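In what comes next, chain A is part of two complexes: it sits with chain B in the first one and with chain C in the second one.
This part shows the complex of A and B:
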């Protein structure tokens, strides 16, 4: 089996609103696929279909070789989900939340301490979640999502609105899960995060998938390769690397002794997203 | 494939989680014991017996002696009537006026009563009645006074009063249709016990409604459904949680108020059926409301109609068809009969069947609506 997840021609509508329009993609073990798109692009709806919370209008989903259906405990025992909403039991402690979910997966005497340390919550394990900050709640959500060492991990905007420390902790956990062999589907509208974490990136806009490729290939394909040379008099010179005389022009500037700095200028994922879809990620 | 928890283990885990959450909810942890203590206290202070004797105060006291002799002679006809003589009319009227229940009816016959009768003037007899005495009783007393006057007249004429009638009196036979409750009237607090039980069950329905609405409002139900827990497990767990909450409170109340001196197995079955109904109400309320206030509003909307049959048993007579069609009617009748009058399975069986049917309908509706709600999150 070389595919952890295979989605074929998935569509879903909320009444007249078509949230997802015939998207297809796959996900391999140990791979992180970043779904990049603005709010309302259909990312969360896609995750709901993939995790069995919604039944697609069309198409099929295969997870670990099994066709995914609503209420399929066999498959759901092997997936982990981190939702965008902080849907934790607020009157219970962090440890109690994890103990409860471990019992749903049939994990007896589960060692919550190791997991809580992994997300930097060991010190506050026995505090009620209602007293947690937003970052702590999100880290607990991540701990809950990986409690069963899932083969496929779905992460819906896992670092949205978090402080840099919490974001870094979660990104490290995501990388560890992929290194362990878990296939990770990550939705985000943070192009920097998608660039850093994803092995492949899929652009999703208005329910349609526009491109699925590695970040480097996307940049090569859609970005412009250029360098920006800052001169001693404060002016900037931009040289397109694809131009035939690019090498001579750079050499000439260096020889003039007037160059202060030289920077490569590759396109960002947001630039590429705008070029492909015609809209920005923050919309 | 990995090992997956059994359905039973998953349901048990959700129930334990619900009970833990309930125990952490300050509102319900205060409200539940307070309401239980209040119900028990209310039961204890309510009257625990029914006086079936009517005490008739009579002035002058020598006439009271004649009355007593008459009563003794016709013991069967005057069962439950007691005569007390008074030395003066004022003390008789004061006693009736106090309304303490000691003497609620009084008859003051003037000392020249006999002379007035025989002279043809008729005289005047005062009848004192407490404000709580029904109008029908006053009319009966007036008839009684006329009878006395007639008897006195016949007696002075040296004749047997009955022999002066131009007709023969018919033989009267009193037949009580239904069960004769004479001598074993249900005390007020025992009448109240079914109402208090139903109230306790429905208060716990609100507690369950709170738990359900929080699962929906915080979308924690969604987090459950991406684990091996199915929607059916979630619904079953809520039903079990509601039943545990309701049954435990009702059992505590019945233990404290001596409810299990009756057929304990029958009482247990009735409480379980009531708890099932309470769970359904809890789930329906929790599904309908968007937040705490919404849940409370819908909870009240559901609970009021279910309380009506419980209130109706406080009043004599057969309830209207509308009340008899309400879901809690059978349950109330059965609880009332078993706990209030010590009746058995034969009496309760049709009510139990009706309650089972309503439980199925209500729980089915609650499951359907809650499933739709959870799956639409």
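This part shows the complex of A and C:
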């Protein structure tokens, strides 16, 4: 099977507001696809359609070769979802939350300890979730999302607003899941995270998909090919790499002994996003 | 729908339920209501006549009164203590029995016996106690009563004690609180905390969720109603007919509970719904407490179709054959309400996700 997920011409409207406008993409096993876009771009709506919570107005979704419909237990048994909002049972302990969800997937005598260790919650496993911090709750949400070793994992802003330690733990889990062979769809407006984790990036803005490619290809395609040389007197010199004399100019500056630093002027994903969509990611 | 998933959901609710004050209240409610009923209505509205005696000899009147059921007898240590007792309305009647009183009665000397009545005592109690004392005196004198009193009841309904008349109302209260509130509350909690969304991306379906809440509500409702009836001594006689009635009532109430739960988006809305609409559901009770009202109006209420059988069985001794038709109507109402939940749940799911 080449595709874990195939979305074709998906659209969804909330009344008159068109949230998603005819987007198509695919996702392969072991691949992480980063959906990058500002708030209101349609990322969460897309995930809701892909996970069977919303029925698309148009288009179709195939997950692991099966057409996805609302309330489809067979497909939903093979996916994992980590929501943006923290929707855990606060009066249950972390362990009880995982036990409960494992029972919904029909997993008997599930080993919650291994999973809790994976998200650094083993020490607090028997505390009620109401006593957990934001980061701990998000880590538990991630543990819940991978409880069934899903073939397709949907992560909606999984590290949003987390401390660096929690974020790193979650990023490691995401990488492990992809290495295991799970296809991961990750929505974020953190371009650094998308760059670090994603095999491919999809830019989403106002419900439309603008570009789907690897981060390197996007940078090559949209970034500037230049270097910035900082001199000892505090001034900067920019040299376009495409210029015929670029090599000679760089050599000349180095030979002058006045060079403090040299930086490539690679475009960030945010720069590319702005160039493509005309708006920033934090809007 | 899957039985395994439904059972998993119920297990989760049971685990959470014992940590929820609302569910705990539902579980202790029959005991609290029964206690209140017994204390308030039985003690306040049907108080037993109270006699206080100061006996300076060893009168047979005391031992005779001690054998009588249905009165409360107390003893004073002195005549002054007895007078204080009566003044404070701790007894309806006080008697001071002088030494040698019994012998004087037996000798036909007609000794004086002074009654001390409390100003706060009920006239009915005064009459009961006076007749009782006269009866005891006649017993001591070894004389037969000159007349035989034959008791005949008037309006049968008027002779039913208030505490017993209230049993259908209490069971309806338990049915409404448990049957409606439990499934509605469990549904609204899932929505409010966002956990329903988390459930819907697992193999669990909306039908699984609705059925699990209804089944848990149904089981709790039937159990709590049976406990309430047992606590109030109303389970004997027609247990199967009572069980059928409670089952029909639980079906109707659970279906209403699911409707409340699907309509209300949060606990605040649910409480508003419960407060405003449950008064209407309890409407038939008024027609049993105030029998002068036109009884046909009660049939408009969906709850009538199981409350009336409950009333007939617990208070009038009706059996299953007398009530089965009404119970069928109740079940049909419950099923129709249950069918109405289906489109409502679709709307709920859409609203929840959007």
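By definition in this document, the second predicted complex is superposed on the first by the 283 of 283 C-alpha atoms of A that agree within 3 Å, B and C clash if a C-alpha of one lies under 4 Å from a C-alpha of the other, contacts with A are read in each partner's own complex, and residues count from 1 in each chain.
One rule holds for everything that comes next: a residue touches a chain if its C-beta (ideal position, glycine included) is under 8 Å from a C-beta of that chain, and two chains touch if they have at least 3 such contacts.
Quantities reported herein were computed from a predicted structural model and do not represent experimental measurements.
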- prompt: Sharing chain A, do chain B and chain C clash or fit in the superposition?
  reply: clash
Message: Just checking: does A:210 make contact with chain B only, chain C only, both, or neither of them? Give me first, second, both or neither.
response: neither
Query: First (chain B), second (chain C), both or neither: which does A:104 touch?
result: both
Query: Once the shared chain is lined up, is A:52 touching chain B (first), chain C (second), both, or neither of them?
result: both
Message: With both complexes overlaid on chain A, does A:222 touch chain B (first), chain C (second), both or neither?
response: neither
Message: Contact-wise, after the overlay, does A:92 reach chain B, chain C, both or neither (first, second, both, neither)?
response: both
Task: Please indicate which partner A:81 is in contact with in the superposed arrangement: first for chain B, second for chain C, both, or neither.
output: both
Message: Tell me the contact category for A:73 with respect to chain B and chain C: first, second, both or neither.
response: both
Field: Steric overlap of chain B with chain C in the superposed model, located at which of 61-69, 97-105 or 169-177
entry: 97-105
Task: Report, in rising order, the residues of chain A that make contact with chain B in one complex and with chain C in the other.
output: 51-53, 70-71, 73-74, 76-77, 79, 81, 83, 85, 87-92, 96, 100-101, 103-106, 144
- line: The chain B residues in contact with chain A across the complex are 1-5, 9-10, 13-14, 16-17, 20-21, 24-25, 218-220, 222-232, 375, 377
- request: Write out the stretch or stretches of chain A touching chain B in their complex.
  value: 51-53, 70-71, 73-74, 76-79, 81, 83, 85, 87-92, 96, 100-101, 103-106, 128, 144, 148
Message: Touching residues of chain C toward chain A in the complex: what are they?
response: 2, 4-5, 8-9, 11-12, 15-16, 19-20, 193-195, 197-207, 349-350, 353-354
Message: Please output the residues of chain A touching chain C within their complex, sorted ascending.
response: 14, 48, 51-54, 70-71, 73-74, 76-77, 79, 81, 83, 85-92, 96, 100-101, 103-106, 144
